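A, B and C are the chain letters, set down in written order, and residue numbers restart from 1 in every chain.
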C-alpha cells in the first residue's frame, strides 16, 4: 500500500490575506491527483503547504492538518526540513544548480542527507536518472554543467534530483508550463511510469493535461476547493456549476 | 550527519552571521560616540566664526577652513556639474554602439582611482604651470572626483524616465533636444540633484587631493589663485600636531564634518528611495 | 531656433497653424548643437581618463629613465643622494591591504549573508543604512579616531598581550609603538568592510529565488540552502566584492598615513612602523625639493594608479557576471 496525504481544514495566509480558505482533500496513494483552477485561485499555494514550503516566505502562516499517512506534518515536533526531504517538489521553471554538474545536481540532496561514499552516490544517481528517463541521454556527460541541457532535459534533471532522496510523495507545480509540446509529452509519459511507485500531486492550468495524467482532480477557485472527484467524471459530468463553467472555458 | 547536528549548525551559522552584522556596525557607533564625547565641548559659535589662533595660543576657530571648503566645492561643481550631467544624459539617450560603452567603462574605472592620484593630476595641470598652490587647483582635483559619480547617477536617473513621456513629446512635434531638455530632464531633476548632493558629500570630506593643490592656509585666502584652507585639511593638521587644544579642535572639526556628510548623504538616500533601478 | 507664431484667422477655423519648417525631424539626437554638447561632455570624460595617465607618465619619466625596473625592487629611499626605490611602499601597501582583507572578508560576508538571507524584514533597512553611513565617513575622521583611540589601545593593551603570548613569532616581535602595520591593517579593515558588505549583499540578492527553493525542496536547512544554492551561484560576484574592497584598501591615504608610522622600511613584524605608496606621496610631495624627487613620487602614484585600475576592472567584471551591469553600481 502506498503513501497518501490527507488534508483537513487547511487555511493559509500571506500576512493578513487569507488565500486558502479551509480545504479538505485527499491525495490518493499510488495515483496522480491533479489540482486545477484559474490563475490566482491558490493551487500553487495549496500544494506548497503540503511540503511546508509555504512557510519559507516571510509573513506566511498555515492552520489545519496535513497528514502523511498517520503523521501530522504540522505537529509541533515535526522538522520541516525532514518533511521537505520526504515530500519532493518539482517547480514550474526548471531550476538546476548552474554551478554544479549533472551528477552533482542529482547527488545534491544525497550529500545533504550525509551520503559520502562515491560508490553509493554513483549508484543512486544512476537509479534516479533512470527513473527520470534521462539516464540514456546523459550517462556519458555526467560532468557537464546542469544548465547545458535543453529545457525538457533540465526539468527531467530536476525530477531526478527530487527522486534521488527517495521521497514518499512528489509534488509538481506546473512542471510543463515552460516546455514545448514534445518535452511535455515526455514528462507526462514519465508521470505515468512514476505513479506505480510514487504518489503524485500535480498542479496544472492545462485541463487536457489533467485529463491525460490524473486519476483524481480537485478544482480550486478563489482559495476554495469547489469540487473534487474522479477525473473522468469531473470532466464529463461536473456537479458544480462553477466547475462546468471553468471546464467549458467560460472563464480562466 | 544527523538531522540534529545539521540543525545545530544551521543555528550556529545564523548566530555568527548576526554577530558579524553587529561587529560591522560597532565602529560607527564607537567613532560617532567619541567624536561627540571629545569634540562637542569645543563646538561653539567661536569655532565657526574665528580664524585659527597662532601656535601655542588656545581658542580660535575654523572659519577660513569652512569657507575654503565651500569655495572649492563651488569651483568643483562649476566644472563637474555640466560635464557630469550632460555626459550622463548622453549615456542614457544615445543610440551609438561603442562610444557610450567606452565612456561608461572609463567612468567606472575613474570611480575607483585613489583620490590622491587626482591630486597629482591637478598638481601637474594647474600647480606647475601657475607655479603656485591655489583654490583653482584644489577645486579642479575635487571636480575630477565628482565627474564620474555625477555621470553615473545622472545616467541612472535619466534612464528611469519612462519612454512613454519621450514619445508624448515627439508626438506633439518637439525636436529631440527639446524633448530631452523640457520633458526628460525636468522629470529626472530630483534624482539628478540628489546624485549631485551625494557627490558633494563625498568630496567635502576629501583631504588627500588637497594636500598639494590647495595646500591649506591659516588665514583667509588672498584670491582663488592662492593657497586656501579646507576643513579636512585643518583637521589633519591639528590631529598630527603636538598641542592638546588643537587636538580638541580637530575632534570638533571632525564632528562638524561628519555631521554635514551624514545629513547630506541621508537626505540624498531618502529622496531617491523607491527610485532605484529595478534589478 | 526661432519659431514664429502666426495667428491665422478664418482659414480652417483655427487660430494657429504651425510653421512648416519644423516638420520632419529624424534621428535620435537631432539637433546638432545639443548633440555636440552631449558628445563633447562624453569626450571630456575620456580626456580626463587619458589625460590622467599621460600626465602621470610624463611627470614621472625622469625617474623612470633614471631607475628603470630597479625602482620596484630596491629599498633605498634617499632624497639627499637622489636614490629612490619604491619597494618598502609597495610592501607596505600590499601587507596592510591584505591584513585588512583577512579581517574584513569573514565579517563582511557574514554580515552580507545576514542582511540578504537571514535577518527579519524590520532589521534590514536600518542596518543596511548604518553600513552605508560607515562608507561615508571621511578618511581623515577615521584617522583621527585611529590616532587617539586605536593606537593607544594597541600600544597599551593589545600589543603587549600579543607580544607576551605570541612574541616568539617574528610576526609579533618588537617593541609596542602602537603605530605600525597592525594599526594600519585594523583601520583599513574597518573602512573596507562597508564596501564589501554592500556589494556582497547586492550580489546575494541578485540570486534568483528559484535556486533557494530548489535546495529547500530537497530538504536542506536554511544555511545549507544558502551554501549550495546562493553562495555557489554568487561566487564570482562575491570574489568581485572582495576585490572591490581590496581596490579601496590599496588607495586609502589619510587614515593609513596617520597610524602607520611612516618609516620606509620592510620588517617582518606587524608591530613595526611601515609606509604605503599613498602615504609617501601624501607626506613628502610638498617637501620634494628636486625634480627627480618629485618624479619619483609621481612614479609611485603612477604605480598605485595602475594597480588599482587592474584590481577594480577585474572586480567589476566579476560582479557584473552575477547581477548584470547595474549590480553594485551605486557605491
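Just so it is clear, a residue touches a chain if its C-beta (ideal position, glycine included) is under 8 Å from a C-beta of that chain, and two chains touch if they have at least 3 such contacts.
Because the structure is a prediction, the values reported are computed rather than measured.
Engineer: Testing understanding: with touching defined as stated, what is the shape of the graph linking the protein chains, line, ring, star, complete or other?
Structural biologist: Shape of the chain contacts: complete, all pairs touching.
Engineer: Check A-B against B-C and say which one is joined by more contacting C-beta pairs.
Structural biologist: B-C
Engineer: Using CA atom means as chain centres, which chain is nearest the centre of all the protein shown?
Structural biologist: That would be C.
Engineer: Just the number, please: Cα centre separation of subunit A and subunit C in whole Å.
Structural biologist: 47
Engineer: Based only on mean CA positions, could you tell me how far subunit A sits from subunit B in angstrom?
Structural biologist: 53
Engineer: Just curious, how far off is subunit C from subunit B if you go by their C-alpha centres, in Å?
Structural biologist: Each chain reduced to its C-alpha mean, subunit B and subunit C end up 14 Å apart.
Engineer: Tell me, which residues of subunit A touch at least two other chains?
Structural biologist: Within subunit A, residues 81-82, 112 contact more than one other chain.
Engineer: When you check subunit B against every other chain, which residues touch at least two of them?
Structural biologist: 6-7
Engineer: Could you pull out the residues of subunit C that touch at least 2 other chains?
Structural biologist: Answer for subunit C, listing residues that touch two or more other chains: 221, 224.
Engineer: Would you mind writing out the residues of subunit A in touch with subunit C in their complex?
Structural biologist: Against subunit C, subunit A makes touches at 51, 53, 56, 58-59, 81-86, 88-89, 91, 93, 95-100, 108-109, 112-113, 158, 161-162, 165.
Engineer: Provide the residue numbers of subunit A that touch subunit B in the complex, in ascending order.
Structural biologist: It comes out as residues 79, 81-82, 112, 114.
Engineer: How about subunit C: which of its residues touch subunit A in the complex?
Structural biologist: Touch list, subunit C to subunit A: 120-121, 208, 210-211, 213-221, 224, 228-229, 232-233, 235.
Engineer: Within their complex, state which residues of subunit C touch subunit B.
Structural biologist: It comes out as residues 18, 22-23, 25, 27-31, 33-35, 37-42, 44-46, 48-49, 51-52, 55-56, 58-59, 106-111, 113-115, 117-119, 127, 129-134, 136-145, 147-149, 190, 193-194, 197, 202, 205-206, 221-224, 244, 247-248, 250-254, 258, 278, 281-282, 285-286, 298, 301, 304-305, 308-309, 311-313, 316, 323-324, 326-327, 329-330.
Engineer: Subunit C touches which residues of subunit B in the complex?
Structural biologist: Touch residues, subunit B against subunit C: 6-7, 9-10, 13-14, 16-21, 23-25, 27-28, 30-31, 34-35, 38, 82-84, 86-87, 89-91, 93-95, 99-100, 102-103, 106-118, 120-121, 123-125, 144, 147-148, 151-153, 156, 173, 175-177, 180-181, 201-202, 204-208, 211-212, 215, 232, 235-236, 239-240, 247, 250-251, 254, 257-258, 261-262, 265-266, 269, 276-277, 279.
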